[in-house]
Every structure is written in C-alpha cells, then in structure tokens.
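In the two assemblies presented below, chain A is common to both, partnered first by chain B and then by chain C.
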Partner chain A sequence: MGGAGGLLAHPHQHGIRSLIRVDNLLAAFAWVVVAFLIIYPLSFLVIDSFRVAGSDRFGLQNYRAFFSDAYYIGAFVKTFVLSGLVLLTTTVLGLPLAYILARYRLRGQTVFTALTILPIVLPAYAGAFAWVVFFGRFGTLNLLLMQWGIISRPINFISGLHGVVFMQAIHLLPFMVLSLLAAFTSIDPDLEEAAEVEGASGIRRFFTVTLPLCTPSYLAGAILVFLWPFTDWLTPMIFGVIDLLPSIAYINIAYHFTDVGRKYMGIVSVVLSSGVCVAAFLLLKAWVERKRYTGLSKGTTLGGRTIRPNPLVRVVSYLYMLFISALVLLIPIVLGLSGFSRRWVLTPFPQHWTLDNFRTIFTGATRLISNSFLFSGVALGIGVFFGLLMAYLIARTKALGRGGLEFVSTLMLVFPGVAVGVAYLTAFWHGIPLATHWMIMPLALFVRRMPYFQRMAHAAYQQLDPCLEEAAEVSGASKLRTFLTISLPLLLKGIFVGVIMFFIMAFQEISTAIFLYRGGWETLPVGLYLNWHRGMEFGFAAALSFMMVVIVFVMLMIAAKIGGGVLNVAWGSSGRGK
Partner chain B sequence: MGFIDIRNLVKRFRTKYGEVLAADNVCLEIEKAELITLLGPSGCGKTTTLRCIAGLERPDSGDVLIDGVPMFSQGFVPPAKRGIGMVFQNYAVWPHMTVFANVAYGLKLEGVPRRTREARVREMLDIVGLAGLERRYPGQMSGGQQQRVALARALMRHPKVLLLDEPLSNLDAKLREKMRFEIRGIVSRMGMTAVYVTHDQAEAMVLSDRVAIMDQGKLVQVAKPDEIYHVPASRFVADFIGTTNIVEGQVEEILDDTGLVGLRTGLGRTLCRARNRAAVAKGEPVYLSIRPEDIEVINSTHEARDNIYTGTITERAYLGHLLYLFIRVRDTVIRAQCHPRQVGSEGEETRIYLDPAKCVILPS
Partner chain C sequence: MKSGKMLAVTCLFLLTLLGVAGAAQQKLGWVGPIYVELSESLKKGFQDYYLRTYGEPIEITFVRPGGWPVCVDRVRIWDGKPDADVFLGAGAPAHSVLASLGLTVPYVHAHWDMIPAEWHGMKAKDPEGYWSAFAPWLVSNMYNELVLRMYNVPPPRTWDDLLNPIYRGHIAMCLTYASGTMYEVVQIQLQTRGWRDGWAYLRYLAAQVGRWTTGSTDTTHNVTRGEYPIGIAQPQMNAMVARRDGYPVGNLVPDVTVLVPEAAALLAGAPNERNAKIFLDWLYSMEGQKYVLQGGYFVARTDISLRQWQAEGVTMASHAIAALGGADNFWAVDLDLLDYDLELATAQWDEVNNTFDREIYRKWEELKSTLSQIEAVELQIADAKAKGADVAAAEAKAAEARTLFEEGELATARTAVTEARALLRR
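Take a look at the complex of A and B:
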C-alpha cells in the first residue's frame, strides 16, 4: 500500500525511533477506531452468517438453506434484475440529459441542472411517498384521467417492480448525470475535433470517440446506481414489493428476530448483498486502473465543446428537461399538498386545508426532531474530526498502514446501509453491549457518512500546496500549530460543503437507523416510516417529509452559497474525491 | 568544518518504476556567509539535498550539521528548530493572511511583543521594497511582490541559514534578472549563509560565491563560477554550463618542455595545455572541450600555426549581438562564436584556430 513500506525497506540509520513518530501514533489511533467501528462489526456479521442457528457451531447450513429455497433464490435474482433495470433506465434517461446540459448552450441551464440533481438530497422514501399519492391506483393522475373520461379504470402506474425501477432511477439519476456531465465537459475538445477532421461526424463521432472516452466516468456513476437496489429496502416496500434482498433482510431481522431460522436468512441476504457490492466495486476499480486512458488527454477546464442547437433540437431539449424536472418537482409539491391538508383521499387535489399536521409535529413529535439533530450533530462532530485525521494521514504523511486505512474507508462507501445496521445490531449486542446506549445511533451514522467527508477533505488537501505548510514549519511552527493556523483555515472552504452534505445525509439516513433505534431514539425518518407503517393518515408523514425536504433544501442552499454553486456541492456527495 | 556540513547524504525515493537515488552520498561543506548554489538539471537531487538541510525530508543515511550541531543522527531536529529561513519555488505565501501577518508569523511564534513586531516587519518590508503594503492580501499582488513577501518572511527571524528553492523560476525573464541582483544584495548585506537551488546557470553564475553542480544525485563539481566555466571537471559540467564543443580524442604525446599535450582528435592533431599533467597518460581516450567564443575564425589563408584547421561553413545562426558559425572539419562540426559582421556564407571554406590554453582536456 503506497509508500508505507518505504520505512521498512530502508530502515533509517536512526532505527526504530523513527517509527515512533506522531504520524504513526495518529495512524495507530485511526486503526483502533476503524477496527472497533468497522472491521469488528462487519467481520462479526460475516462470521455470524456461518453460525448454525441456535448453536455455537459454524457451517454452511444457512447458505445452503438460502440457496435451496426458491423464494430466496428468486429474491436474489430479482435484486440483480432490478439493479440492471435501474441502471438501464438511468443510462437511457441520463445520457441525453447530460449531453444537453454539457454541450448545448441553452437558457436556464443552471436551474435545470439544479433541479436534475435535487433528488440527491431528497430522501428516497420521501419521493416514494409522494409518487404513491400522485401516481397511485387512486392517485391524482388516475383520478384526473378518469374524471376527464380518458380511462375508465385506474392504470397501475407504479405498484410493483416497474414502479420501483422508475422511482429508484429518478432518485439515482443525479449520480449518473453528474458523472456523465463531468466526462462530457472534461473531454479535450481537440480529441473530438481530431475525429471530425478525420471525417467522422455527428452520431458516428459520438459513438466512436466521445462515448468511449466517457466510459470510466460512466462506470463510476454506474456503480453507485447498481449498488443502490442492494441497500434500499424501503422504496420497494412502499410500492408493494418485498421479495428483494434488502427488504427481506429488514423484514426477517426486524420482525422475526425471535424466529432464528428467518433471522439467519436475513443475515445471509445482507452478507450476500455486501458481497455483491464489494465485488462489483473491486472489479470496477481494477478495470478502471488498468485502462486509465482518460489520463492521456491533457484535460481541459474550458468545459468542453458547446454548441448552439438548431430550433428543433432546442425545443426537444427543453421538453425533455421539463419532463425530468416535473418528475422531480412533483415530490416536494405533493408532499406539501398532503402536509397542509386533511383527509385527502379519492380526490385529485386536497379539499380540506389545515396546519394540524405541523401542529402535531411541533407538539407531539418534537422528540423526532431533536433526536435527528442530536444524532446527526454528534455524528458530524466525530466525523469531521476523524475524516480530517484520515485525510491528513492519507494525503500528507507516510504513516504506516495509511493505504489500508484508505482502502477500508473506500469500501465503506459501497457497503449497504442495511448491512451496517445489521452488523451493529448483532456485534454490539452480545460481545460489546454498545447497542443499549444511544451513542450507537450517531456512531453508526458516523461510520456510514465519514468516508464521503473524508474524500472531500482529501480532495481539499490535494488542492492545498504542501509548501504552504512547510513554510510554516520552517518559520518555527509545530505540526499542530501549522495545522491550526495554516492548513485548517485554507481547507475550510473545501470541507465546509462536506460538512453540510454530511449533515444532510446523516439527517435523512434510515437504512441503518431502522435496525438500531429503540423506544425514544426515533429519528425523523424512522418516525416517518413507523407512521406510514402503522397505517396512520398520510398527512402527518407527508408533513414530516415535507419538513425534512425543506430543512435539507435550506442546508443545500447554504452550502451552494458558500461552496460556489449547486454543482460543486453535489459533487462531493457522489463520493468522488478525484 | 563548514558552517553547514553535509556528510554522506543518501536519500532514496520509491517510484512506480523502481528506486531513485535522489541524493547519492553527497558531501559538501558550506562556509559561513557564503552563498552557494546547487545547480543541475531537473531530477538531479538538488532540491532533495536542500530539503534535507531544511528538515523537510529525512535522509536514509548521512547527516547535516548546522553550526556544528547534527540535524539527524542525534535525534531529528525539526525544521522549526533549525534556525533556517526558506523561500519556496511557488512563493508559498499564505493566501488567507495579509502581508503583515505572513511576514510576522515567525516573530509571533517566538512571542515577540506586538510593538516590536510591527517595527521589525516594517523595517524588513522596507528592505525588500514592499513598504506600505502591510495590509494587502497576497491575491492582490503580482508574482514579483509575492516573492518579496516570501523573502521577507524567510529573513524575518534572522535565520542562521537561508534556503532558496528555485525562487525566481516562476517570474518572467526581466523580473528574474532584476531579482537576482536584489537577492544577492540583501543576502550579502545581512551576511547570511545561503543555499540556493536553481536549474538556471545564468542565475547560478551571477549569484554565487561557489556553484555546486549535481547530476543524478551526485555532486560532480564545486567551484567558483569562473572556474566552473573555464575548468569544468567533467564532460557533463562542460556540456551543462554554457555551450561548448566536445571532441573525442586520444592522448598522443606529452610535451614536457612546453606543458602541452598533443591529442589525436576528429579534427586532426590538437595541442592542449593540460592543467594537471599527472592526470593524463599516453594513449588514454579523452574529451576535448572548447567554448565557441574561444574559437578564432581566421580570414587570411596563409597563417601557419598549430591547431589551425580548414573546414566548410555549414550553417550561420545570427542572434543579433553575435553570430554562430557551424564549421565542418572532416566529420566534426564545430560551433564558433563570431562578431555579427563576420563574413562567410554557407558552403564557403574557412579556417579556425583553437588556442591550446583554452582547450580543456576532460576524462572520458
């Protein structure tokens, strides 16, 4: 791993003393944290999946049982199929969108870009709830179509797998668009012009030169899209699909904790999901590293080629962007309508307006809000400290094992949230009884979100010229002093966006929290889910969602203000430091 | 023992393509109040050596002594404790601090009271020609001004040693030349011991008391600028400093009475004055180096001396203030520097004279 071996390969004449450097002590501390909060619970989970139910023996029984049950095999296959379909849909939707945004000079591009990437900060479940209200069997759209006499019976727009595909595709579209956008705008115009000079024009040039050059970026976005169905358990449940790995994991573990057989089926599906995610990620990483041909072009900051499209193309482009924007905007609009209304059923639009839902939240459910802020805040505090430490170790030092730290942290990016939840639940229940203390909630959030923040901090560090720090050391400052007076103030702008995104993501986290919460620890998303699950009136959940969307949106705007544009902000969240 | 004493410094770097010896047993003594430049092509190890003096890099073995105190072997002395000032290639002026805060940084760490600090910073800014710009931020300044801030910051604590890492390479040619003299002046006025890294030979020549030339991690020659130029120690040095003609040859005879050595070269028989006669042996293959400006183009055809050769002009390169003639003698092309009005066009025959005293014999 990197240059860490340098010290070993050529021991300095002054021997072992050089190993006991502050950097190495910090690295050791980081390893302790990583071991305790990542390696221990995750390996506990994997080992536990081999435990013979109700005994202390280990074997392949659970896996054998899983793969001999047609239901589970079906779920396994179906999850893959869902991933494939979602990937296909985001590609088909995202490719033209990214191309339009990157290459055409159109008015209102910034607004459309912002709208396109909005779903990154909208919780997936909020979108799902909103779509049920609008596209559902007796949702606004069906009711309107029937009212107008276009159809006589409701059309099933979203209930079922196709709904899940559509919803997840919209939720993940920003990752795809951002990746492709980066690719399109960073291609050296010379390369395309060279193809043009050689006689390849239009479509042919796009498919033979432009698209192949985008492949590495596309794959980076594609992997995030592909992995999502292995971790999102709630969207499918809202659309009435439960035979998918993450949903099975949730149902089997959360509801059938006492049924040891089912519990282990849940654990096996979590481990399998994680295995798929990690394997897919490592394969991609190896492939991209082998084929690094984007590095060949000198790269440009000019934003690639832009064209003024002809009127027909312009109209089609606008229509397309409006279509995508409408799907996205529908989410906050519908949530708002339901949140401010009462008994909105079987009518296209609400009939009774009220503030009751919000009154209930602020009188009866303040706990949810304060918990959310507390847990996210604590997670953020630990995350910023630790993320900066990790970024420092990886970007600036030759500390032993820093390559390993980076690797583990990167793996956490792709680890399904469900797996982290289950791992924490099992590992910190018997062995180390941390799960009985509320600190487990922020700790789990910290572990899930820290890698994203660390990557941003790392990127910020890479943009910070080491000479600036060295100049301080030469001027007589200690390492700590240098960090506080030089590095930190200069990193601040870069990591501030990371701080906001960390908070937003932690704030809306549910996959992990749902496994770990106990009475009194419910967060906003958990409360939202429980409310829906208990079959309460939707208005209250919608009001909660709406409030989350507003809170998140305000934070995003603050971040955009400081971070120099919505695009920059969203960058960090897609977790691509370099 | 020098004021700075570099002893057997070895530093290896591991890269994708294997190991690179950035400093290969470098030994160098630098006198007090001396300005020495480390000169060499990029990747020769000059910056690594400088960074070892600063303590920003730790050598694999060897040591650096500053004022008699070992910096590595008896416990690592961190950069902050070495009493050095350093100017970086890209200035490394802190963008979030004003000029005043940048320059006063070290004093503040030393706990110098604010009054004194202000007075001293003002004095220093005066010296580097930035008086009145205390409140500016680096972003509002030109590259040259930023470099002055960096210099002021480095000098502020009256360091024992001033280290400069290609400080002028980011400036444009005119400014670079001006700054050379300014740095020279400030450093010698303050009586500073300075180590200056550059790949620009003109800079090294103008600035230094001594020049240390490095190649592939090794120190190849340390000498005064004129000595480096006129008596290069190796083919590399002769080639790297200025332009020269290198001709392969073999020692044919050693003429004890005149102090001359006769070589058999691609030009024919060439007499050279050997500076160190003991170093050459009969039959030994050597290189002959002679600078273009030391070659005399002879217009008259009936002069008969040793070291006169007849050749054909293959190319004229007119540079305004001088003229290069490329003259082919047998199979060897010699570059001669002439007065811009020198006659002779391409294809014409001409004669050249090589002064034996200006021919340098280099080991092969």
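Take a look at the complex of A and C:
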C-alpha cells in the first residue's frame, strides 16, 4: 500500500502529478481490456438469457419458464445439495489432515503434503476416468472383492450422485487442507496455551478455541469448494448424473439442435450458476473482511504451534495420511496402467500391455500437445503482462477504478467456464468475428486463468519494499526503467511461481475450449473429451490423461523447486495467513 | 526510445503469432459425428492418395463436436460460411435438414452408381445428389455376454424381450436429443406400435433403465466395461469393433430396425471445394471404401466382395463378414426393415424429443416406482387368486392402473394401485 501515498508526500510534485497521470492511463488501458474481454461478452450472455425464443424481443419469459418448471428448480436445488455434500465431505476429510500436517511433528510430512496437494493439478475429469476403472461395478475393487469371496454381486461405489461427491471432494481437498493449514499455522499459540492453563482438555480446546479462530481461513477455502459443483459439468456426466445446473447448461446449449427453447434454458442455467457463484463469493468476502477487522488473525507466529503426538495418535495419523495419499495416487497410477494397456476391462489388472496409445499420440495427435502448449503459452504471455499491470495498479497506485479492476478480475476466479465459452461464442461470432481466429483460444484462457497469476504477482508486490522503487524514481529513472531494473528482478521468484500455476491451470482448461475450438484447434483436454465421447478405446483417452498429469506434475515440481516448497506454489504466499 | 523498440518487438511477436495459422497449403475440412477410428483411417488414406496423385501434401482438419444433431447445429451456426468442406457422417434426417436449409449442395461423385438408391424401402442416397451413403449400418443394441452370464440372464433378442424384469437396472440408454441413433429407436417404436402404444412401450423401457447416457459411445463404454451389460441404440459396427478388440460383447439387431445410411455431402460455400470433391470421389472408390472398413465401419458399394477383400488381406473384412452374419456385402444381409417414414421422423424431431424429455426422462424415478407398485399389487392379486379369493374387482383396478401408467397418468395410476390393494383387503 503506502507506495503512492509515500510518493504523494515527496517534494517533487511535478513528477508525482505525471506519475498519477500515467497510472490513470494504464488503468484506462486495463479497463479497456477488461471491458472488451470480460464485460462485453458476459453482458451478451446475460442479455441473451432475456431473449424471447425465436424472436428479437426481450423479456422475462425464459426465467419464468425456468422457475415454473419443477425439473429445473429440482436441478437448482440438487446442485446446492451437491455443493453442501462436497463441502461437508472435504471438511470431514480435510480437517484432521490439516491438523495432522500443521500440528504434529512427523517424518515424511513434506511428501504427504505434496501428495495432498496433487489433486489441485490433476484435472477432475481425468480423476473421474480413473475412478471408473478402479471403482466401477466391474472395476478393480469390485472384482477383487468378488474374487476373494467377500461379495457376490458388485457394489455401486461411484455411479450416481455419491460418486460425484466422492470425486469432487478428493479433487477439492487441497483447497480445504491448504486453507485450514494456513489457519492452524497462523493462530497465536498463546491463545491455545491460555485455554490449556485454564484447564480445557485437548478436544475441548480444539472446538472452543482453535476451530473458531480458523473460521475466516476455513471459509476462504470452503467457498471455492462450495462453488465448484456450479462450474463442473463433465465429472457428473462421467458418473451418469445429468440433472445438475452446469451439466444441464452444457447439454442444453450443445445439443439443442432445432429446439431454441432448450438453448435458452441452458443459457439461463449458466447465468444463474454464475449469479450464485458471484453472490456467494461477494458475501463471503464481505464477511471475512469484517471478521479480520476484529483482529482474529493478529499476532501470528510462523509455523504455529507444534505438538509431539503420543504413539497411538502417531500411528492413526500415519494411517490416515496413507489413506488419503492412496486415494490421490490411485488416479495417476490407474491412468498410467490404462494408458499402457488395451481393453483393461473385467479383470482387476491389465492383461494386454501396449505402447500403441502413446505411439498414436506421438504420431497422430501431436497437434493436441502443440496446440495446448501454444494456446497456454500465448495466454501466459498476455497474462503475465496484464497480470503484472493489474498487480502494479492495485498494489502500488491510487489509479482511478483500481478497486473495480480487482473486483472484476477476482470474479473470474468463480465464473463458470461454460459461461465464458458460451459468452465468447455469442459475442465474437457475428459483429466482432474474433471466434473465427485461433487467438480466441488463448484469449479465453487468459481471461479465465489470469486471476491465479494476478494473486501471486499481487502478493509478490506486497512483499517488495516500495522504498526501492521510489529511490530509483527519485534518482531520475523512468517508470518503465524502474520496473525493468528494480521491481521485476525482485519480483521474479513470486512471478515465476505464478507463471507455472497459470500455465498448469490453462493447460487443463476444457469448459471454455470445448465451445470455442474449431477444426485443428483441439487441445489436449478437448482431444481427451472427444476421445472419451466419440472414440471406442479408453486406453487412448487414459494415455492422454496420463500425459497431461505427467506434464503438469513436472511443471509443479519445477515451480516447487523455485518457489520454495509445494505449499507456496499451490496456494501462493497471499493465501497463508494474510 | 527503448519503449519504442519494445513496442516494435511486441508487435512483431504478435504478428508472427497471428500468422502461424496462415501458412499456404492444400487443405480440407470435415465436420461430422463419425468415430475417431474412422476419421484417423480416412485421414491417413486420403493424405497418402493426395500426395501420390497430386504430388503435394494436404492438411485435414476435423470438427467433431458430438452426435449428429450437434454437428448439424454447428454447420447452422456457420451460416453459409462453413469452417469445413464436407459433412462426414450421419444418416438421412441430418442430411435432409442440411439440404433443406441450403447448407449442402448436390455433388454427384464419380462412383454414384455404385451406391443403391434404396434398400428395403429406405433411401441410401438422395435422388437430387445431395448425399449418398458411404458406411451404412443398422440401429442395434449391444450386450456384454460375460456380465450377462455372471448375472445369469440370457441376451434379449427383441424389443419386447427388453421389458422382461430380469433386465431391470441393467440397461444403459441415451437421451434422445443427445444421439441421433436413440432418436431412431424412439421413432421405431412410434412408427411400429403407433403413437399411444409407442409411448407406452417407451415408459416400460425407461423403467428398466439403470443409467442414462449422453451419447451412443458413452453407452458403448458402459457396456464394454460391464457397468451396464445392455446398451440401447447402438450403431451396428460398435459391437464389431469392440469384438475385434477383444471385448466380450455381442450385437443385437432387434426384430424391427432401420437403416442408417451414414452419408457424406458437400457443404455450401466450402472454402476448399476442389479438394472436397476429390475427397468425395476417393471416399466412394474401392480404395476409399477399404479405409472406411479399416476404420471400423461397414462399406456401401454394391460391387464389394468382403470375401475377396479378406483374401487380399484387408484385416477388417473377416470381422465384417462375422458381424453381418456371413453376408459378403452389407446390402446382401437378409432382414425385414421397418417401412420408415423419414419425413415424418424429421418433422417430429422437436415434438418427440420434448415429449421424451418431459414424459420419460424427467419422470424416470416416478415411472420406476409406479411400475413396481403396480407389479407388487398384481403379485398380491395373483396370490389371493391362487388361494381362491374373489379378486375380479381388484384385478380390474390393477389393469386400470397399468393403462394409466401406459398413458403417463402416473399419480392416478398409483391411486388406482392403492384402490386395488384396498379392494383386495376387502
């Protein structure tokens, strides 16, 4: 903060005035980009939701039709129920895990932490494919249980809503664990010790002191978990669940054919999902900020309080961490085995090994890989430039409208990908025909993933002492030169981590790309989806998934090496106790 | 100064990026619902042919957004400025819609006469030259023989067999608007049984379903993996390809079915029209048809002898012969097809899909519970009857409940069940 404020107090008033002008110009530029790539297309979507089917008139008919149809209301409610169940499951699974990782001194904690975070870089749909193979009616687990005589008929572990809850909970577990970790490690140990001195038992202390102090951080993770089911259309479809808002939106829009009414119900679903996401996000933001004023997170100690557990607790902790790690590791292992085999069905383990799936990828589907790298790379280039600009404007200036810029950009974190895809296709087909050029793909990726980078760049900026930049500017260096020679080198580490995370998140994006891709623009996730949906051999889709997992995992490891640990990479320093 | 240089470098970088897609080369674009195996086979075959014949390579792009309704919709969005040259795949309903909207244009390819005009009363090519079949197949069902054996039930042979309670919960079926093949299944029922009985049949069938899928391949995956051992609305060649790959699945051509003349057509305003025509000529040539077969589809020319191809070493020929029950050519298969009213089926698209959506799919749980209540009371009546009780009134009420169920009056049907139970207690 104090950057611009400090400068305003400086005697060189002329320089300051020009600086403010430049900042305002930069903010104006940022607003133009935001208006063109976010507000303009998304407003198309909202306006379209009011269009009367088969005419040029507008009205509330679509919303009226939506809310007078028990089916759509049911889907709306069911999505809320799913969100609640996923949140409950991640909380139940994540709370003990975060507590173990934060409080107990145990060997191998780093490895377990890394494994816990792995799902953040694994696309949820890739996990879903793997779980069908392992937990399916005639998947590995059921077949083994039948072979051992434990069951005579297969158990339905995953087909249905419970499977979606299970899968999404594992995928979102890192958000919960990282939030709680940040909370546990930022609680002032004196508060817990005081409770201990007053005679509170371990469990009582946990529920009356520790847990209430965690609430703001917990909610920050909880909101991301809660909103996910409003954005994920593919995982439910893989498990045979269709009647959820995002899946209905995707199916109604993609499959409406001659039935325009169906298309508008899809658009209304998208707009409502987005509305729920944005409203919940804003409510929570306001609540957490209000709580912070009360000083709950004040007086943090790096690392928090650690406890040496007794042998029983130690064994139980290890067993629990192993259980979670096994669930997470199952995904890459099953995908790998499927990718290196053919027709792995109705046997607990693969019988026919082959390199054909990977050979097909490297001979016939290299375009998927090169497109993914190209689009993510271009998006990254734009994202770094714009993200740095936004971070600078928000952290270092008092430029006009910077609060609004931060607000719009943060909203994109929770905006469903399907909404962006449909909005772009609607806004950029006729009139401004951007969707006919391949640049639409990286631009859409940029818009969706930029907030991840911006968060990290912002955090890096906050840790950088503004005096260094001020000193350079006072010595006569231009704004650009100060940035290139002083700020950028000092920001590099934080930025690099942001770069990798941006790339990983862009690389696995499917919800927007599936609407925007044209012949020859298919990315790895699009190819994966099409091969699952329009191909016969699962091994090829598994090989594509496995390759994607390997690529993003390698990138994560590189980022961890540079960024000082997996936790910092996955969550960014801004997420921990700030 | 430095800022100016940076700006210039940035502009150069952006221009380079924008130019990546613009390199001059021979191009061809396809859009359509055909499977990956076929598109890959055709791509390889045609690229070899093009290089051999014209001495230069050709780049092929393929837009495959989903089943045929989705593909047709994509072409409509293009609005006469298509992003492809050939509509590759889909049966007569899709092609008649495309032609009627002026989105395809007639092109009589070099081997037009080798494709039959019709088969058992169903069109295999358009008389005005808009489209012709290159990979015909029959609407079928599929089953996993290993899993059915484990459940100790025989494979169903007819549409009526599927209503046997032994298959309850074992069937995977697709949403009609997500699959053209599923739409054909619905039309088969409506056109053979009539509107009222057709919907009644579909209500019974829905009560048997264990899972709804979002595409015919989604169904195939569920059957091959054994998740649900019976799949409704399957292209006939899916089982052939799955068997070739070693999956324990069988194909069920039901007692009444229709032909899907998987066809190709030239798109109006095709940006690479010359190459599109060269491709269409090649697709229907003997060489092109071999690539169709190797891509896992049946072939359309009347002069093809699969046995001869088998002798020549075309690996898929033997699988095709087995899948066609020993026939030497697709058109030589001996069966009775439904006298299918294509125009009616096309005209009813929205009405039938919406009815299916509202009356069948959305009421799925209600259909299942209502039917099980009816069956339960019928069992009670049968028991009482066996014990010599007078059950005539209860029987009549239960029959009324069935009629109501068949007509979709589910709440009233359940009331009738309650009344039948009360009559039985008296």
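What we mean here is this: the second predicted complex is superposed on the first by the 541 of 578 C-alpha atoms of A that agree within 3 Å, B and C clash if a C-alpha of one lies under 4 Å from a C-alpha of the other, contacts with A are read in each partner's own complex, and residues count from 1 in each chain.
Assume contacts are C-beta pairs under 8 Å (C-beta built on N, C-alpha and C of every residue); 3 or more make two chains touch, one makes a residue touch a chain.
Predicted model, so just to flag it, every value in this text is computed and none were measured.
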Notebook entry, point to check: Once the shared chain is lined up, is A:108 touching chain B (first), chain C (second), both, or neither of them?
Noted result: neither
Next item on the list: Figure out whether A:275 sits in contact with chain B (first) or chain C (second), or with both, or with neither.
Entry: neither
Check: If you count the residues of chain A that each partner touches, which comes out higher, chain B or chain C?
Finding: C
Notebook entry, point to check: Should A:486 be classified as contacting the first partner (chain B), the second (chain C), both, or neither?
Noted result: first
Check: What is the contact status of A:471 with respect to chain B (first) and chain C (second): first, second, both, or neither?
Finding: first
Check: Where does A:251 make contact in the superposed view: on chain B (first), on chain C (second), on both, or on neither?
Finding: second
Item checked: Contact residues of chain A, present in both the chain B and the chain C interface -> 481
Next item on the list: Provide the residue numbers of chain C that touch chain A in the complex, in ascending order.
Entry: 2-3, 13, 17-18, 20-21, 29-31, 33, 35-37, 40, 59, 61-67, 69-70, 72-73, 77, 83-84, 97, 146-147, 175, 177-178, 211-215, 217-218, 220-221, 224-227, 238, 241-242, 245-248, 296, 349-350, 353-354, 358, 362
Margin query: Considering only the defined contacts, which chain A positions touch chain C in the complex?
Written below: 71, 132-133, 136-139, 159, 237, 240, 242, 251, 254-259, 262, 342-343, 345-346, 352, 364, 374, 378, 381, 429, 436-439, 480-481, 518-520, 530-538, 540
Notebook entry, point to check: Inside the complex, what are the residues of chain A that reach chain B?
Noted result: 3, 5-6, 9-10, 12-14, 17-18, 465, 467-468, 470-478, 481, 485-486, 489-490
Checklist line | Parts of chain B lying in touch with chain A, wherever the complex brings them together | finding: 12, 14, 54-56, 58-62, 72-73, 75-76, 78-82, 84-86, 88-90, 92-96, 105-106, 109-110, 150, 153-154, 157, 163
